[in-house]
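Below are structures written as structure tokens.
The two complexes that follow have subunit A in common; it is paired with subunit B in the first and with subunit C in the second.
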Partner chain A sequence: MTQTHDKTVESRPTVSLDMRRMILTNGVPILFLVLSITMALVAGLNITFLLNEVVTRLGRNSLLVLSLLIPVTAGMGLNFSIVIGAMAGQAAAIAVTYWRITGVQGFLLACLLSTPIAAIAGWLAGNVLNRAKGREMITSMILGFFANGIYQLIFLFLVGPIIPLKDPAMLLPQGIGVRNTVDLINISQALDKIWRPVIGGVRIPVVTLLVSAGMCVLIGFLLKTKIGQNLRAVGQDMHIAEVMGIKVDKTRIIAMILSTVIAGWGQLIFLQNIGTLNTYNSHEQVGMFSIAALLVGGASTRRATIWHAIAGVILFHTLFVVSPLAGQRLFGVPQIGEYFRVFVAYGIIAVALALHAWQGRQVRRQEIKEAMLTE
Partner chain B sequence: MKRVVVCLLVLTFLCGVVGVVGTAAPAYKIGLVTGTVSQGEDEYRAAEKMKGKYGDMIKHVTYPDNFMQEQETTIAQITGLAADKDVKAIVVNQAVPGTVAAIRQVRDIRPDIIFLLGVPHEDPPLVAVTADLAFETDQEARGVTIVNLAKELGAKKFLHYSFPRHMSMDLLAKRRDIMKAECDKIGLEFVFVTAPDPMGESGIPGAQQFILEDVPRQVDKHGKDIALFSTNCGMQEPLIISALDTGAIFPEQCCPSPTHGYPAALGLEITEELKGNIPGILKAINTAIVEKGGAGRFATWPIPTNYLLVEACVEIARDTIEGKMSLDDMDAVNARLEAAAGVSMGIRKLEGHEEDNFYLITSASVIFGKDEF
Partner chain C sequence: MERAQQVLEMKGITKQYFGNTVLNDVSIDLYPGEIHALVGENGAGKSTLMNILFGMPVIHSTGGFSGEILIDGKKVELLSPAEAMQMGIGMVHQEFMLLPGFTITENIKLNRETTRKNALSRLFKSEFLDYLDTPAMRKDARHALDRLDMSIDEWLPVAGLPVGYMQFVEIAREIDKKEVKILVFDEPTAVLTETEADRLLGSLRRLAADGISILFITHRLDEVMAVADRITVLRDGEAVARLNKDEAVVERIAELMVGRRIEKVDLPPRDKEPGDEDLAFTIDNLMVDMPGEMVRGLSLSVRRGEILGIGGLAGHGKLGIANGIMGLYPASGRVSKNGDLIPLNSPEQVLLEGLAFVSEDRRGVGLLLDEPIERNIGVTAMQVQHKFLRPWPRFLSGLRLEDRKELRAYSEEMIRKLDIRCLGPTQPVRSLSGGNQQKVCVAKALALDPEILFVSEPTRGIDVGAKRLVLDLLVRLNREHNVTILMTSSELGELRKICDRVAIVYRGRLAGILPPDASDAEFGLMMAGRVRKEAI
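Right after this comes the complex of A and B.
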């Protein structure tokens, strides 16, 4: 059997091998790209509208997706607990709204305020995850649920009687607890509005995109420093890293702190773009969707790059914009559009996960074949 | 000569075709955003009715079933409608979270579009200043009417199921307080029970399971003369089932409507004849309730609120675009509401926002096994 395989491989040129490997390793993004283009054509969408939506969503979601990269590098898998960072960002947004600090100052102050909260939360989460090595993803997901409970306790019962917030426009009528919607009018689009030129009908939030680009550069730089090397070493093999004298637990905690802090800033960018805060739900959507976007970009639980994050945001959100309309056009019934979107979007995430496993196997098989060939 | 005649004939024909096409296509469109039937059938069926009535003038899209988590999709659906330059008004029912953000985004590019919202989930003062018109059932007035109705149906205690997320909504929290005060006033004991949040990790099935298990416990503890009420749509069906099983009282749903919870709980088959036939549905529910021994202990409003609001909002949008009425004119608004409902309605403006068009509405109740259908 092996011999027949060897013969087939031998007869093929190396270029086709490389091509095959490229398709294998990028199967998920390629599948998404094909689907997105097909659906955009089916939906017959106004191209300016589609571009506007995708550019806006790229600005709004990039930082949240980028926050996932460091824990993946450190071998901790996909960090579902970025919702904790998002909660820190929201707490800061509520505070600056209460103090009525407007514009970029308000936004920057919110970022500043969210940092220590997110850092402490990240430190705690890192400590928990160090006690659950090998089961980081499910632990971080449950940590997110747990933190949500604490968040609700603070904002529903402690704000008012213990935390002195006295604005009746923000409090529930009985004077205890924050309302379910907080109008972030003071920091609404603070970053986007600074410079938003219209090019060919598409409004480009230059500063927001620059911030995301800056974060990409920063993460790239960080991974090249001593800390970055340590993170990678820990990610590859904890025991070898330990033997090499790297403090594994400490490195993993640093990864969690950085991830949570970036997620906090990411949530603030998200909120300033949306303009209203859904006090008890805005954070719930970030973990799942950021992770889905990263996977769609071609990342796996063991390997994720900046390009995976950017490609993922673009592809995932394009599909989210075009699929309901494509479904509606195809079947002629509005609600089928929604069911179709859910089916396609979530189905494809499942496919992405399955493809990753399959790809991993294929690449390994290919490597073995190549090794045998060279021999 | 022949050629000239032929040319003239062709020209006349072309003009005719252009003329017909010109008159057939509506001069403007109305965007309509509702949930799918899995979230609430009333608004979806009403939207279908409007689509049937006005054809291409109505552009109907749906928001996600999982609307609490997928606000970005809701926003995209609404801004997507606004990308069509013919759309002059957008009706959103129910106005789920993300609607305010979407309106603001649309206003940036299309300030001419009017927004009419039904049952907004976001904070009323914020909605009042953002939307051009909004309708909500008068939760504060219902705080008084539901408790009194419960007493009329023979209740000695009043059980209110809810959970923190709903209790963080201004109107729902206020109504709970009003219900408690009214209970104290007319001599009912008010019982508050926290149920699992259907949007939480156990989902709607978890919340429904809780209701099915908890009602018999509460009836054992407090006796049969206890009125059951919950703030969540998904809990109405198990509440009605367990009220019928245990003999408790069910005065009204969270969103009062004959189609909300009752047909599913009673296992009514909605035949072609019953689809959209509200009096027929009321009659069928009445027969089923009486058969199962619940006569005089179950009630609701005679019209589905969400069904009524979609229809009324579309009519109001049309008349406003065509310059036949103004959104500030409460009498004109109520006239369209009553025309859609077929019964008289109570209407008032949100307190403290008299200059905005946030309308609170009420209707009288019907009691099964007592009223005539």
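Right after this comes the complex of A and C.
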């Protein structure tokens, strides 16, 4: 009898603690959920329209966001250099457009083509990040900017005189450099339109979603293998992993290669959905927006799961769709909503990083308290 | 006694770091199922010896060592930890090599995971893609924990486990290695409570009975007496004694550990010797969170005008005391000067109260290396006491500029008084020798006109001649300027040379205070936590 009594007394605070902890740890997604719902109500959106948009964007963006998971697991933080993978994907897309290889074959060839480019870029990036341990995120961001320079050099100046691409429809008028916009007519919607049933007014790109789901399964599988265990060990403490005989640098390079390759495929999925390539802009926001989406989903720089990625894509893009419309409805100016969503994208990264640092300090403080108490 | 072939022999090991001999012709051996204790003070060379045995990269990147290592009578070259592990040497590290986010099982099996083939791993012929066989791993982990008599669940995450359990997980990992026959324990009980330590000693005996040979490094002499079959005492890089269990007495070991010739110098007398009736400074229940030098509730009274030494082994918190009081690391407790409480965690307030600090981290905290001597001397006084500053323009009292003339005059006086060997007050301190840099640090503290001076490791990293000068300087300051000095040092010899009393810190608390002429054994025992004596 005393036992049951004890139990009730004990369990009550734990329940409320659990609730508080759940809200604390999932504060960011909950905030965004509330924000999305409020804005959707304000904008007075048609639910079918919203669902259509979100499902399309889920297919379009999830692979890019998923590509961030492995470096986080390996303790390298948010990999801003996935833009390099995106560039590899775009290079491949330009190539298959030039060769006029159409449909799914064109898309698959582009994937195949982007893989070695992305792998080499990832290997290079991994080597650089191994020399910048502890500062991976800022380094990867700058790497992305640097790679953008090389990308522009290649596609603005080398295509034409050195790289034989002789399609006037794709080149700038003077015959040097790729046009600002390339119509990806060959691979446009290649994956989406294989099977696109309409259910309850919502058009579902089944194959694209299946590819994303397949990637989730693959990443899940990878993390349950030996290499996954190594990645997690390195992510927790490089020094201990090294002492235990895990090749830390190699593991981190593998993480970067995988991330960059997946990002390359992700960008191809993104492009086939959009149908046109902004040669010099499409890749630029990829890193920032994918990272913002992942963080909105509740991930941190040290912990990110597949569910964070999926929830993040849904929430972030819902907000993306509804905020300009809400701005239009409320103020008569869509720019305010537009402003808000850009503000949100950068703001959430800043908040998430600051929160992460703050939580780290709290944990440390707790440890000190415990260490003092044990004595 | 009839004995089998030794499992391990290390013969004539000599190791130098940058011309400093840290190990000199040390030999040690180990029989199957034996517990061999290795005792010694900090810097006696224990860790270096174990690093050599474990093939640590730090040994080979600093020029290797001379001497030979034999395992089962065969000469071996141990060039990396991996090779040492292959030869059956396991190491239970002093700091835990455990990943907090992993379960106990995952930690025990870290990088030795049991795996299963699957379609993908066969396709790519890569072991990296093999599945982890969690049930098999758990079974092994359970078995290893059972051998240690640990009932804890093997699927629990390590984060949140009591420290004592972590130590056992670490040991379980070593004994889970099938090939392990030599286990090195590097101060395994340093972080354990009494009961946990007892359990650990029990497991040591059990493992030894299973035939595993154990090298046991520790400071705690009662533990040595409890489990060791043989004892080797290291001091200053030399094996000064090897004792069998039956001939060992705690007092004897303590004496061997500390024993050092102490040059007796006659310190100049004072008009009035400091006494307990006139206290300059009291510390009550001080806690400092300085990583690796945690202070856990230390209380101490300092007499006006004395030089109080603070000694103790590394990691027991002696360095944390000054750093905590000066506000460099988070601290709590009551610290008062002349009966008035001093606010903690604010370096500026503490300096204003007339306390000054010569840090053990001379190049990091103590000096602005690329700035000239004079600015180094003046910077703290300028910042805290607005010395060496003149208002400019005159009608704006808030704006002040450096008063070059005054600073120059003061620096020149200091250079003369402290005998700082330099080209002049404008020489950058980076180009000074260690001893002269230390004098600049002292001059900087003196510019504050402190009532109480904290000096940490004043002779670390400076040559012998300079050491004497620095110690003489401290004595002079004390006698001529009546500055109360708290000197923290790892070198017991120098504490005993110039201090009026020596306080020994053990596990973050005061173990006791000894007169400088107390016997080696008394110091040794107190540093090893054997006795607890209140102030003399």
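Simple rule for what comes next: the second predicted complex is superposed on the first by the 319 of 375 C-alpha atoms of A that agree within 3 Å, B and C clash if a C-alpha of one lies under 4 Å from a C-alpha of the other, contacts with A are read in each partner's own complex, and residues count from 1 in each chain.
We take it that a contact is a pair of C-beta atoms (placed from the backbone, for glycine too) under 8 Å apart; a residue touches a chain by one contact, two chains touch by 3 or more.
In this text the structure is predicted, and so the values were computed from the model without any measurement.
Contact with subunit C, but none with subunit B, is seen for A:K226 once the two complexes are overlaid on the shared chain.
Contact with neither subunit B nor subunit C is seen for A:K133 once the two complexes are overlaid on the shared chain. After overlaying the two complexes on the shared chain, residue contacts for A:G177 are found with subunit B alone; subunit C is out of touch.
Of the two partner chains placed around the shared chain by superposition, subunit C is the only one that A:I240 touches, whereas subunit B remains out of contact. Number of subunit A residues touched is higher for B, counting subunit B against subunit C.
After overlaying the two complexes on the shared chain, residue contacts for A:E338 are found with subunit B alone; subunit C is out of touch. Common to the subunit B and subunit C contact sets on subunit A is no residue at all.
Every residue of subunit A that touches subunit C in the complex is listed here, in rising order: 221-222, 224-230, 232-233, 236-237, 240-241, 243-246, 368, 371-372, 374-375.
Looking at the complex, you find that subunit A touches subunit B at residues 45-46, 48-49, 53, 57, 60, 145, 152, 156, 169, 172-174, 177-181, 183, 188, 274-276, 278-282, 284-285, 288, 317, 320-321, 324-325, 328, 334-335, 337-339, 341-342.
Of all residues in subunit B, only 34, 36-37, 44, 47, 60-66, 68-73, 75-77, 79-80, 83-84, 97-98, 100-101, 104, 121-123, 125-126, 164-165, 167-170, 173-174, 177, 199, 201 touch subunit A in the complex they form.
In the complex of the two chains, the subunit C residues touching subunit A come out as 81-82, 85, 93, 97-102, 106, 110-111, 113, 115, 120-121, 127-132, 162-163, 193, 287, 289, 294, 296-297, 330, 507-508.
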